[in-house]
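Handing you a structure now.
Labels for the chains are A, B, C and D, by order of writing; each one numbers its residues from 1.
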Amino acid sequence: MVCEGGNSVTLRHVNDVIDVDLSVRLAGIVLSNPVVVASGTFGFGAEYEPYVDVSKLGAIVTKGLTLRPRDGNPPPRVWETPSGMLNCIGLQNPGLDGYLRDHLPALRSYGIPVIANIAGDTVEEYAKLASELERHGGADALEINISCPNVKRGGLAFGVDASSAAAVVAAVKDATSLPVIAKLSPNVTDVVHIAAACKEAGADALSLINTLLGMAIDVDRKRPALGNLFGGLSGPAVRPVAVRMVWQVYEAVDLPLIGMGGITKGRDAVEFILAGARAVAVGTGNFVDPACTLRVIDEIRDYMIRNGFRTVSEMVGLAHRRE
Amino acid sequence: MPVSANAAVKTIRQIISGVFRIVLDCPPIASEASPGQFVHVAVSGADSTDPLLRRPMSVCDVDVFQGGVTLVFRVVGRGTRELAQRREGETVSLMGPIGHGFELGMQVRQPLLVAGGMGIAPLLFLSKSLRAAGSVPLVLAGFARSRDVILIDDFRGYGAEVHVVTEDGTEGMTGRVTDYMDWAAQEMARRKPGNEIEVYACGPMPMLRAVQEWCLRSGVPGQVSLESRMACGTGACLGCAQLVVDPGGEKRYERVCREGPVFDVRRVIFPSD
Amino acid sequence: MVCEGGNSVTLRHVNDVIDVDLSVRLAGIVLSNPVVVASGTFGFGAEYEPYVDVSKLGAIVTKGLTLRPRDGNPPPRVWETPSGMLNCIGLQNPGLDGYLRDHLPALRSYGIPVIANIAGDTVEEYAKLASELERHGGADALEINISCPNVKRGGLAFGVDASSAAAVVAAVKDATSLPVIAKLSPNVTDVVHIAAACKEAGADALSLINTLLGMAIDVDRKRPALGNLFGGLSGPAVRPVAVRMVWQVYEAVDLPLIGMGGITKGRDAVEFILAGARAVAVGTGNFVDPACTLRVIDEIRDYMIRNGFRTVSEMVGLAHRRE
Amino acid sequence: MPVSANAAVKTIRQIISGVFRIVLDCPPIASEASPGQFVHVAVSGADSTDPLLRRPMSVCDVDVFQGGVTLVFRVVGRGTRELAQRREGETVSLMGPIGHGFELGMQVRQPLLVAGGMGIAPLLFLSKSLRAAGSVPLVLAGFARSRDVILIDDFRGYGAEVHVVTEDGTEGMTGRVTDYMDWAAQEMARRKPGNEIEVYACGPMPMLRAVQEWCLRSGVPGQVSLESRMACGTGACLGCAQLVVDPGGEKRYERVCREGPVFDVRRVIFPSD
């Protein structure tokens, strides 16, 4: 922080002079800045109102939604790991109706794009959810969670197999005219292959990464630490894997990318942007510092001023340039 | 509304081996907090991402005029160890006050407070508030042994009647604290006949389970403060789930950080093992 | 540490009474304790002599060897990440002859099993290296590195495909009568599938995990941080992924496992053992504390005493038990 | 043989903004270290795994009798920031002394020391040792500006002749330190005709590159101390590779932590960008 904030007076001053444009376009929606929240880490926004002016975010991504409400997994559901955490929430959510009734009105009041993260047990459920959300004005874009490792049913389901991934994307595209963002699982041998299949199937953008499949043993109880055995690993620990995947997909697939995995600082966000992400999501970082998102936005702006960037696009994928 | 703030350490003191009392300078939390609520404490240095998550700590006392927030915690792992190393003048990042605390209601009933180990921390603040509301709480304070006993003088200072119970009998009465709930209830009934009692409890899970059994058996209402592993502390992550049951018999997960940490004792479904 | 060391006097005392047996048998070799060093993190032992009585280790695993010497990758070769590090050493090693001439004599002097970690560009190279090592008494067992993500040639080569993995294992088994340990890559969709293929091909044990493929961007230079673009992520950050893989393979494949990934403390090692590892390797932990291995051995012993275990076998896979 | 030890902080002091001088109590390192060697310093608390790796720091001075090891470091990131927060009496885990330091040889040549920025740290210890061996080193000490100048009095205290060069001319001579190597060489030749010189340099890479050019052009032997990202500090991980060339023209990677950090200036192949 010493580095970033050291001469903030100068920075603010420069800020008045150089005009930094933080806005980005992504899958047909315009974000006032590239920082969104990662699904499942910000609830439906209201939870963070005491700490954050939610209307300042680039967009809000909802907790994963399913057609019907879900109870989620038995506790313990979270477990701390080195620079990271495991979770096995198990998609607890109010279901489509509960979402539309109890959460959407407040979400809409922020005046920022709402991206609904959707999950399902079958291709048909995804499609149904997508069309219902569109019909009720429940979202400005959809993020398809094909990668959540928490829901038991057959393990990693759609996200680890290119053809199933493509099938979900295609079905959702068919069911709605909303922009569709496919959220990829990192638990695969070849993420580029899955990414390409999602593009082929019509995805308008890609989010990466979801959590890494992990587990912990409680050596005192001599048992798996989490109620559901395995959990999703998130937080700073996973950032090198996430940045690598953003880099690989950026090289191979021509779609806008939302990068996430362990962002807690402006410099982390810039790492993703230089690797190829057009927007970034803050997930676990919200738990560490509830105002993390707004700080990241400020720190990206500072970085841009310091390095002479006027738009975010100038930075996207810049680390790929050849000399 | 909770706040996120950097609070300076006013004082920090080891009160018994491994247990620290820290007073933090945080006027907004001091004035907003009610008994049973907690704060979510960042334990790492600003630049370290390990340990990553915040630690929940009950508000043990507040000084509204001085803006002080008192926490009393036991060093059990890395986070509490780091916290214990803070010195006066250094700052600690806090979120709070958080959660649904104890309901004091109209106080038509006599309060019976049951504490197990570190579970005593939130009951001090509760005791003070109950006293201010006109009740004299009877406190059963259970510890493993004499050298674990803490906060008793503070309770007495706030006008509560405290009975210490130690498992090994090295101080006060011998046994588990819940073994003395019958006795306490009789005592309270004897002193104020006709006036019914309400239980407020905080402590380890087996103790709370015994409290629940006692309350159900005795038909006495109660409120218990639960612990749970937490990530966000805002209600967003759904990580701190606790299984509860509605009067209608429907079960669901509620958030210890939001609907809790204090629950109606009848609603809680403790895990089977 | 307060917990572990708090009443060490009592522990030492108990230690005299209860007889804790740390030895384990693994793929035909006997280790005096379950703690070995991870390939590439302990050189050939001599590097750590100032800090560690190397003869106290369960075994020593050498830096990855190839038939001919290799220069390795251009620097920077290491980069710190949250609770972890990236490396792209690129298999710099003295080659078979250099190993036999310059390192083996000293290695033999420790009187502990020597496990040679071998790598190659082709199946034939692996086989040749294996037979030569056996012929010259260069090892007591071989660990086949089919997973090193650093060597450019076609990317992840053998380790991510079950049939190539099996081909290497089979060829090595054919070429030598030494015990063969296959070291698995975590960068796969289904580690159990690869593990099963290695068993099928004759592997006597499995090591898991090798490093996760990662990368970092240096936001000051706006370039990939490592000289070789991608690198292998190791250290505490990866432990949840490693423990999960040990757990999965233990459930499905009946072979002794060497668990590794982020072990820095006795409790970390115990986590792997309870998940199913018969031995554990300390890698990055050596860099953090050069005496890490010996401390881990002591802390495992303390844990066993405290929890009433007399042999390591009693603990292996214990967290899998059903109530 | 290097050791791994917990060393108590004897003193820690900010000597200029962002630069700290720390004296650690570590007799084995104090007595074993030679100029140009370094220590590998653990920067995290015992229980944190972030930041994970140790930080290499040159031995700036030693006090063999008191067992003191002096480091002088600039706060540039998380590790050095944590180190700067240590207080007297706290301990720091050290490995060292590590590496191949400067070769003082027979000292038939006059020593010309060239320092850039924080690269001055190991040259103080070198200067002291040279003086003890009977030479009077001439030191060109380059800094960006006057407010970065450090350690000059210490050099003078050890009997060295120091000339400060600042890039912006706010102190001493103006320009880059390597611009004055010709001048220094002439000066040294003038004072002791016939006695040849040897260069010892430490500083940022562009400076060392200029030193290399100067040495090759002038036919003067030299030793340069290099930096590299390090993991193990023992020679095991091969992470700190530096490309070097043998007299025979063969190139290979050597370890900055083992064959270095000090290399014969003719052997170093600097990266092209």
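The rule is short, and it goes like this: a residue touches a chain if its C-beta (ideal position, glycine included) is under 8 Å from a C-beta of that chain, and two chains touch if they have at least 3 such contacts.
Owing to the predicted nature of the structure, the values given are computational and were not obtained by experimental measurement.
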item	value
Partner chains that subunit A and subunit D have in common	B, C
C-D or B-C - the one linked by more C-beta pairs in contact	C-D
Chain separated most widely from subunit C, comparing mean CA positions	B
Interchain centroid distance [CA atoms averaged], subunit B/subunit C, Å	45
Euclidean distance of C-alpha centroids - subunit C vs subunit D, Å	36
Averaged-CA centre spacing for the pair subunit C and subunit A, given as whole angstrom	34
Centroid spacing, where centroids are CA-atom means, of subunit B and subunit D in whole angstrom	55
Junction residues of subunit B - those touching two or more other chains	47, 49-51, 81
Touching two or more other chains - residue numbers and ranges from subunit A	82-84, 235-237
Residues of subunit D that touch subunit C when the two form their complex	1-4, 42, 46-47, 49-54, 93, 95, 228-243, 252-253, 271
Interfacial residue positions of subunit C with respect to subunit D in the complex	1, 40-43, 47-48, 50-51, 63, 71-72, 74-85, 87, 89, 92, 235-237, 264, 284, 286-291
Partner subunit C, residues of subunit A touching it in the complex	81-84, 86, 156, 160, 187-189, 212-217, 219, 222-224, 230-231, 233, 235-241, 243-244, 247, 262, 267, 270-271, 274-275, 303, 307, 318-319
Residues of subunit A touching subunit D in the complex	2-3, 82-83, 236, 323
Interfacial residue positions of subunit B with respect to subunit C in the complex	49-50, 75, 77, 81, 273
